Structures are given as structure tokens and as C-alpha cells.
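In what follows, subunit A forms one complex with subunit B and a second complex with subunit C.
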Partner chain A sequence: MMMMEQKNWNLLDEALGFHSNNANPWPLCGRFLLVEDCVDTSAAFVLHHILKRAFSSHPSSAVLFLAFSHPFSHYDRVLRKLGCNLAAQRDNGRFFFLDMLMLQCPDEGKSNHDGLASVFEQIERVITVLHQDKRPISIMVDDISFLEVAANGSSNDVLNLLHYCHTLTSDYGCAFIALDHKDIYLNGDRDAIILEMEYLADILVKAEPLATGLAKDVHGQLKVLDKETQHQYGISAIKTHNFHFKIKENGIECFYPGTKI
Partner chain B sequence: MAATKTRVSSFSRNLSTVTSQNPGLKHGPNGTIFISSGIPDLDKILGGGFSLGSLVMVMEDPEAPHHMLLLRNFMSQGLVQKQPLLYASASKDPKSFLGTLPSPASPKGDKTSDHTHEKDLRIAWQYKKYFGEPQLNLNTNNGGQLEYCNDFDLRKPLDRHFFSSNNVDCVSIKDSPNLTALQDRCAGFLANFSRNAGCISSAARIAIQSFCSPQCKYSNEEWHMLSFIRSLKGMARSSNAVVVVTFPPSLISPSCSKRLQHMADTLLSVRAIPDEDKELAKLLTGYQDMVGLLNVHKVARLNTQVPVILEATTFSIKLQKRRFLVLECLNQAPVDGSSGSSYGTSGGCSGSTKSGSLDF
Partner chain C sequence: MADSICRTLRDGALEGELAPTLTIKDSLASPFAFHVFSHILLQLSSHVMAQKSQSQGIVIVALSQSPSSYTALLKRNGVDVTSSSKWIHVLDCYTDPLGWKDKTRKPVNVVTNVTDPSHQISLATSSYKTVKDVDKLFSVITELGRGLVGENKSRICVAIDSLSELLRHASLQSVAGLLSNLRSHDQISSIFGLLHSDLHEERAVAVLEYMSSMVASVDPYHPSADVQKGCLENSLYEQNFTKGKFNVRSKRRNGRVRVTCEEFKVGPGGIIFTSGSSVDGTAIAAGLLPKVQFNLQLSEKERIDRSNVVLPFEHQGNGEPIQIYDGRRSLEENSSEANPTSSGKKEDSGMGEIIYFRDSDDEMPDSDEDPDDDLDI
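Showing the complex of A and B:
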């Protein structure tokens, strides 16, 4: 199984460092990966891909998933087609799905304890239990913009939660993966969240449509920026990868522009 | 008629299981179930219709009420199929809007069969490449049988008995200070159609017209509106219902509009076309018959990660015989300019057509 998969690394895997055969089974450990997309090109498939890789990276790896935009049934069906059974992983105690679809924080002015604070308590409880077994843990947020809406637009509360999640990357060596929509903030309206997240992120993945419009064979392009903040010699180099992608039910095809046959 | 065609190619799924029980439902890919939008062409464009559990947002054009065309057909289709409906608008008496709904076209008469023939030709040749299936004219439209999708005659009002029954709920959001009341109504309405019930007996429809319009008192509380739509989406996802919301993007901040667009599962926009745009008239065939343009920005992808890529995303809204709503790809006019009246002779299907300000 592992051998099979190693042959199937695509450009996204290479850009995220999954292909490197070093001692670290889960290269996103201790790192923060931010995925950005827009209305025309959804980057949800990047999360699906990482989710699948997270489970195959290590037999005891675990994922904590905060779902704001889709219910479990959606992810279960999508990942099943990718060859990963979320329901079984959930029963094995490797997949923790927090359904946040109907989360709504109380109005401003009141204490937000019922809202995001309790969400973080939930996260922390799961992480501390998992950490005792030294398992590689990933925390995923499928839509930061929905989180903002759930917090009634209180950027500070959202930033607090995201910062707390970010501290888990250093405290427990978790991987933190979050998706946000770049085009919401383009006119400078309440853009503190996206700016801070971009600053904190170790890896940035941007999904964009092709400049020439939609095509059947190329669904868009991905830009992966790896800031390499944990470089062993302290040298910070930014590696960028640019490639096109096509999304299929059973995976994604990545290729350099113009090389698709 | 386009509405009555059954899929007969070997590529299509076996649709008999649900359709035999309820003609208003149709199996789609990935375990989704479609209900009709009330416009046969729109159903075709979207690959079958609106998926149950999805949120459809329509961006209005402030200059023209074309979104009402979509909304009326959507509501009529549900009422004809006896699906429960919740309608909310900012008008004082939303119930009166039901009187303006179109009625399904009468199936008999030589006129319609003539019309059917013409339409078949056109659709077969224009949409063949999307579906790869022969459009056979299996017309089972006799005796007022229920169909998946009807053709609606916009000049004929819907029979009163369709909406006098008690499965229609009308809410005015004009004077409510916030959206809590509407949210409670929607929650109560959708609770009857929870997805847990295994078998699907009926589907429900919610139509909300001009959601952020300034008549509503909450129209300056953007976060309040966003969280309403978000919770509506969450509720719809776990029920057998389709929610259609129209909103004027120009009246809210760009970032709020973008957020709403991200929340939509299916995102459409309508645009008026200027009456005397000579440049556009030269570029497009059938310009005289167009009443507006429909853009498909996003097609719902429930239970899948693969995006739906359409051959064309801009369609012209036309009224055929001033009665029937049809959507067509934009056709680029031949250089010498031909008459717009003949559908059959217009240029090739225009996935790649570029026409000035219209982007595809």
C-alpha cells in the first residue's frame, strides 16, 4: 500500500513535501497551512487531498475536523471516492468531526463563553488526549469565513481562536490547516484576518481560476508558497510552486502549464 | 415538450425508482435528488435541476425584475406538484404574489404540438453535446398528469386551487425588526422534511425574494443577514428542500456580497440587456427576442469535489411566443448579420464565443 502510494505523488504532494522520504512521516507537523480560494475556483479539494494524505501518512495519525460548510455525509462520500473511509476512521478514533454548521455565537456584548471559547475547549480536550500517545495530529478548518459569520463578525474572537489553534502547532506539534476565501477581503474590508493568517502561515496554497476562463481539462491553477520557517540552518527561503490542476472524483491531476496531453 | 422527455440513452441512470412514486423528484449523481427549477432549459443546464438540500442564490439586476421570472417558475412548479412552499418577501402582502404565478401550458391543441416540434429541433441541436443523448419526443403529456418539469405559460395565471390549500406559507419580512421570526418559520417548515426519515415522500421549497432589500429593517445589519443565510443553508442541508434566495448585490457591501456568493451552492445572476444596444445587436443573433441574460456562476456540488464545468455560462433569457421562458446559449451573429427570428439558422453553439463585454 505504501509503495503504491509513493509512486503516485503529484505536484501538490511534492510542493507540500509529502514525497520526501525522511524520518518525519507527516511533514506538516508543527506547521500552519493556509488555503485560499475564490468564488470561481473552490479549493476544498486541497483539504480533501490533505485529509487523505494525513490518514495514510502514519497508522496512528489523527485528524480533528471543524466543519462549517458541509456536513459529515458530504465529506464521507467525497473521501470514500478518494479511497479513504471517514466513518471507519471515526469509529477507530482517528477522525474527530466537529459539526459546526449550526454554531451561532451569542450576540456581541454578552460573554462569548458559549461560543468560540467552548469550541476551543473542545479542540484542546481532544488534542491533549491524542497527544499523550504521541500521535501526529492535524487540525482542519474548512471555512474561516463561516467561522466569522458564526462569531457575528467579531474579528477579534475569530483571530483569538485561530491564534490559539496556531499555538497548538508549536505546543503539541499539530498541523493546522485552514481554508479561507481570499476574494471576500479584496476591497480591504475587515481584512485583518486574512492578513494575519497569511503572515502566520508556513505554507500558503492559493487556488485561482485560469485567466482565460473555465476549461474542461484545466480547472484552475495552484500556487504553493513554502516559507520554510523551520529550515535547519535558520535560512528562510521561500519556495514557490505553480501548476495547473484538474479535479477528478478519485483524486487530482496536477501538471505544469502546457504539459497536459 | 421538453419537459416530458424521459432519458433513454444507455448513459443515463435508471430513474424509475423515485420517479415512479413522485414525479417531482429525479435521481442525480452522488446520491443527490433533483427537483425541477420550473424552467426546462435551466434544468438541462444544471444537469437535472436543483439538488435537494442545496441553497440557490440569484443575484438580481437592480434595473430589471428578471429574478422574478426564475422565482415564479420555481414556485409554480412546486405548487403544481403539490410540494409545500414557504414564500417570504418584503412586500406587505406576499400572498398576493401567488396570483401572478404562471400556469402550466395546456397540453392539447395543434398549436402546442407545432411548438413542440420547433422546440425539439432547436434543443436537440443545441444541447446535444451537453448530454449526448437523443432527444426523443416521448410525449406523455395527456390528462394533466404530473410531470417532473412543466412548461409554464407566463400569460396564464395559476389556478387558485393550487395555492389555496394549506401547504403554502407566506411571510412578510417588511416590518419585522430582525430575521429571528423568519428563521423560526423556516426552521419549523423544514423540520417536517428532515432527511433522517429515510424514504422521501415529498420535497419542499422555500423562496425568499429580494433578501437584502432596503424595505427590511435589518438591511443594515450585514452580519445578522449572513448568519441567517448560513443557518438556512445548514438547515436546508439536512432536509429535503431547496431554498432559493434572490438578493440585490449592489445594495450590500462587496465583501458581504462575496460572502453570500460563497455560501450559495448554486449561484445564478440575471442581467437586463439595454434596449437599444446596437453593438450588441450586431454581435448576437436573436437579440430582439432577448429579455435578459442569465449567468451560471456555480453549480451545486453536493457529495463530490468535481466542479461542474459548463460549455457556456451566459445564456439569453427569451420569451417564446411571449409565453414560454427559454434559455439559449448566446450565438454569435454571422458577419453579414442574419435575421434573429430563425433559431435553426443561427451560428454554432457558442462555448467559445467572445462578444465584447460579455464574458464566458
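Showing the complex of A and C:
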């Protein structure tokens, strides 16, 4: 079983440290992973991949998923293709799906903070229960930009929520994984939120189209920047990884540029 | 330069002067301000512990890092944390800056935090839950300072680990007011804070720089390298994540501004400053020389020999009249210059005229024909 799994590690797993067989079953513990994509190249597959790995990392690991862009049925279908049954995990108490599709914070007349504060309250309630069993926990947000829409465009409120989620990484050793779109912030003055998130992130995964244009066999490139951070398990040095990927029906294929035949 | 910053912060404020203030600013291209911040914090802690500094305590205003991370930082660098409560205090604005957790926080959580073995001994911490209220923050900081050093004349140092975070919660005016109040408080010996300059408008950065007696700017090693520009620049981009430039601008009391620059490297052990880009410069120059068969450099003996060679113009002047050939007259003429007749002739011929005889009438002026076309080769 172990050997089989080892064969399946791809470059993304290596870049995120999933392949290392050390005492830490879930290398994202206590870290904030930010996935950035753009219109041309969606990075939703990175979330799917991490979700799958999160369940296989530890028999009792749990995932709290804040869905802003897709309903549960969507993720259930996608993950089923990857060989992971989300409905079963949900019934086992390992997958907590918070449907935020219809989230709308109160208008500016009232205070916005209450809306997101109650979201955080929901998150924290789940986390505190899970933490009592010392289970590795991952929190995933599938689209920060929709969170911003729900917060009536107030990036400050979004950053507050992100900050609070970030405190969970140090308080409970949770992994925090979020996806956002880089190109919606290209408009100069509104870029503070993405910059702030990049400062906050311990690991940055950027999905971009190929610089040379479209290709049949390569769907895009991933750049992984693993910043040096101090965490529970010591210090990890800065690492950068750069590779191409191809999304298949039941998984992804990662390879170094030029090595695909 | 990092040392001189630490010395200035250690020496603190003169009586009747504002406390020295340091702003460490960085950008995403080289996000190492926190490395500098921890470096300075550690240096100052060792000074405070050895009682070599004006300040007798440090108050860390933690906005972007958890208090436990500071405990880990100090422990990792061999600072004795058990006795730390006498001289260091963390004001925790990180865990719950807006009071959201108050609603859900149950006493159970507090207990689990304390019994957690990794945090058995931690720094003295008090939490602050209304970061938007900057005025209250000022009074809390000074209160904590009094708690550390007492009511007497002794002073404390204030470390704010993210001015950017503070600026996000409060207006620029109130943050500037906080800094100004801290600087003029008579129990504060020095202040340093961290700023991510690209998150703010230029004017906000400028305001904070005006209020700082020192600005340390962490700049990328290769400013032009940007990951967006493609794979070619990738190696430069990666280099930016191991080293960078550290520019310090310090203002004296009399208004004189001194700018210094050094480089730093970031490794797993922290940040290491290397003074002098010149050392690196010669190393690079040596590396740039092409590898050739012959010797381009001189040995020490060759260099001495070369310096002993007397160059032609250096013969002159030892007793004899100096004769320098200026390329127009021969030396003989030069020596007989006193002769008036010869000089007169020269003046005559100095009129100058060009005499030209055409070879033959059938030659057209400026003709294109080849003068050698009658040659039979």
C-alpha cells in the first residue's frame, strides 16, 4: 500500500511536502496556503487535489470546507472521479461543508462585521470540537472573491475574517487553504487585498497559462513558493518549484517543462 | 548598519528629545522585514538582559504574529524565557483584534491552551481586543511599560510588529498620533515598527517615514526580476528569496541624513548581514574574467617590477633642462630657437598656399576614372 502510494506522488505533492514520510502526517499544519489563479487557468484542481490528500494523510483528519462558488454536489462529483467519496466522509464526520453560496452580509447601514463574525463563529465552533480529539484539521475556502462579494465589497472585512482564520492556524495548528483570482485585482488601487494575502501566506501556489501560448498537452504552469516560516515542527527554508501540469479526468499530471514527450 | 541601528535603539533617547524611532519597510519582492524585525528584537533583548541598554523592558505589540511565535523565537535563540516576565511583555492584538472570539470563547479553550506542552513556558501576555481604538492602545502600552519597570525614570522599548495591520484597522491620523505620543512619552526609550510599504498609499508611507528617525528599507537584490516576466528571470526571482539589500536612512538631530547600504542573506538560522557590496563586487569581477590560457593578472613580483620601470618622461628633470617633444618641431630646432633668422623664415612660410598643376588638359577635374586602369596586370 505504501509503495503504491509513493508511486502516485506527483510534483505538486512534492512541492507541498506531502511525499516526505516524516512524523508530521499533514505538512500543511499551522500554515496558510494561498492558491492564485486567473481566468485563463483555473486552479480549482489544486483544491481538489489537496482535499483528496487531506483525507488520505491521516485516518482521523478532518476538513472544513467553506463553499462560496460551488455547491456540495459539484465537489462530490469531482472528488468521486479522483477516488474520494465526499458524501461518505461527510457522514463519517470528517468533512464539514459550510454552504456559503447565499451568504449576504447585512447592508452598510448595519455593521458588516456581524455577518463575517458569525461566519467565523461557525468555523470556530467546528474547529474547537474537532480540536479536542487532536485531529489534523484543514480549513478550505474555495473562492475569496465571492467572499468579498458577500461582504459588500469591503476588502477590509474580508481581511479581518482571513486574519481570524489565520489565528486558527497558530492556535489549533489548522491548515488554512484559500483560492483567489489574481487578475481581478489588476486594477491598481484595489490590489491591497491580494498583496496582503500574499504577505500572510506561508505557501503560495500560482497557476498561470503557458507563457508561450496554448498547447494541447500542457494546460498551464504552477509556481509554488514555500516561504521560510517557523511553525510547530521547526523552520522550513524557502523553496520554489516550477512545473507544468495537465488536468486529466481522474487526476492531474505534473511534469517539468520540456520533459513531456 | 544593522548593528548601528541596534546601538541607536539601545542607547535610547536623550533627556528632552524624542525617542529614536525605526521603521522597517519591505515589499512583496523582498518580504524580509520580519526577519530584520526579529533580528533587532533579539539584539535588543540581549542588551536589555545584560542591562547595557537604556530601556529595561520591551513591550511587543503583536498584530501579525502570535505571542507563542515570539516565545518560540526567543527560545530558539537561546534566550531564557523563564525569567522573561521581568523585562518582556507581549500585548496580544493578534489573537482577537476585534473581539469576535469573545462571543464563542469558552473557558475550556483557555485551559487547553495552558496545558498544551509546547506552550508550557511562554512570555507574559495580555490581550487587547479593540485594535480600532488606538488611543486606548497607547494607554495600554504605557501601562504595561509601567508594569515592567515601575513608576521611576527607567524606560522601555516598544516593538510594533505590523504598522500595516494597525493602519488597516485605524486611520493614518490616529496611527501617526500613536507614534507621536509614544515618541514623546518620557518612559519610552525607543520604538521600532514594521511596514509593508506596497500595501499603503505613498503618503501613508511618507508620513510614517517622517516620524521615524531611522528608516530601514529591505529591497530586492534584483529589483527588475519579476516572476511575471517568464522563466528567464526565474533564477533572479529565486535569488530575491535568499538575499537582498538593506538600505538605512538615518536622520541626525541636526537634520543631517546618512544613507548606508548593505546586503543580507536569509537562511534557516535567520538573517545575516554582510557589510560592503564592494567585497562582493570584486568577487563578481573575478568571476567574470574569461578563462584563458595566458595570464591576465600580475603576480606581486611583476607588480613591483612594473612600478620600478622609469617611464620616458620621468628621465627628465634630474639636473638637465626639461625637453618635451611637442611633435611639431625637431629638438634641434628647439635648441636653436634663439636664432632670430630661422624664426623669421618660419613666419614667411607660415603664410601658406597650395600650388596645383593639372597633369594634362584632358583630365576632367574630379573625374571618376580609375587612375590605374591602364595598368596591365
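Criterion: the second predicted complex is superposed on the first by the 248 of 261 C-alpha atoms of A that agree within 3 Å, B and C clash if a C-alpha of one lies under 4 Å from a C-alpha of the other, contacts with A are read in each partner's own complex, and residues count from 1 in each chain.
Quick note on the criterion: contacts are C-beta pairs under 8 Å (C-beta built on N, C-alpha and C of every residue); 3 or more make two chains touch, one makes a residue touch a chain.
All of these numbers come straight from a predicted model, not from anything done at the bench.
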Q: Kindly say whether there is room for both subunit B and subunit C on subunit A in the superposition, answering fit or clash.
A: fit
Q. So, does A:Tyr199 touch the first partner subunit B, the second partner subunit C, both, or neither?
A. second
Q) Which holds for A:Ser57: it touches subunit B only (first), subunit C only (second), both, or neither? A) neither
Q. Is A:Glu249 contacted by the first partner subunit B, the second partner subunit C, both or neither?
A. first
Q) Just subunit B (first), just subunit C (second), both, or neither: which does A:Glu121 touch? A) second
Q: Measure off the angle at the C-alpha centre of subunit A toward the C-alpha centres of subunit B and subunit C in the combined model, and quote it in steps of 10°.
A: 110
Q: Report the closest approach of subunit B and subunit C over their C-alpha atoms in the superposed model, as a whole number of Å.
A: 17
**Q.** subunit A partner contacts - residues on subunit B that touch it in the complex
**A.** 30-31, 222-224, 226-227, 230-231, 233-235, 237-238, 253-255, 258-259, 261-263, 267, 297-298, 301-307, 309-310, 313, 359-360
Q.
Applying the document's contact rule, which stretches of subunit C touch subunit A when the two form their complex?
A. 28, 31, 66, 68-69, 72-73, 76, 94-98, 100-101, 103-104, 106, 108-109, 112-113, 118, 164-165, 168, 196, 198-200, 227, 230-231, 234, 237-238, 241-242, 266-268
**Q.** Contact set on subunit A toward subunit B in their complex
**A.** 39-42, 44-45, 48, 70-71, 73-74, 77-78, 81, 101-102, 104, 143, 145-146, 149-150, 152-153, 181, 183-187, 189-190, 213-216, 219, 247-249
Q) Where on subunit A does subunit C make contact in their complex? A) 113, 117, 120-121, 124-125, 128, 131-132, 156, 159-160, 163-164, 167, 170-171, 192, 195-196, 198-199, 206, 211, 223, 225, 227-228, 230, 232, 235-238, 240, 242, 257
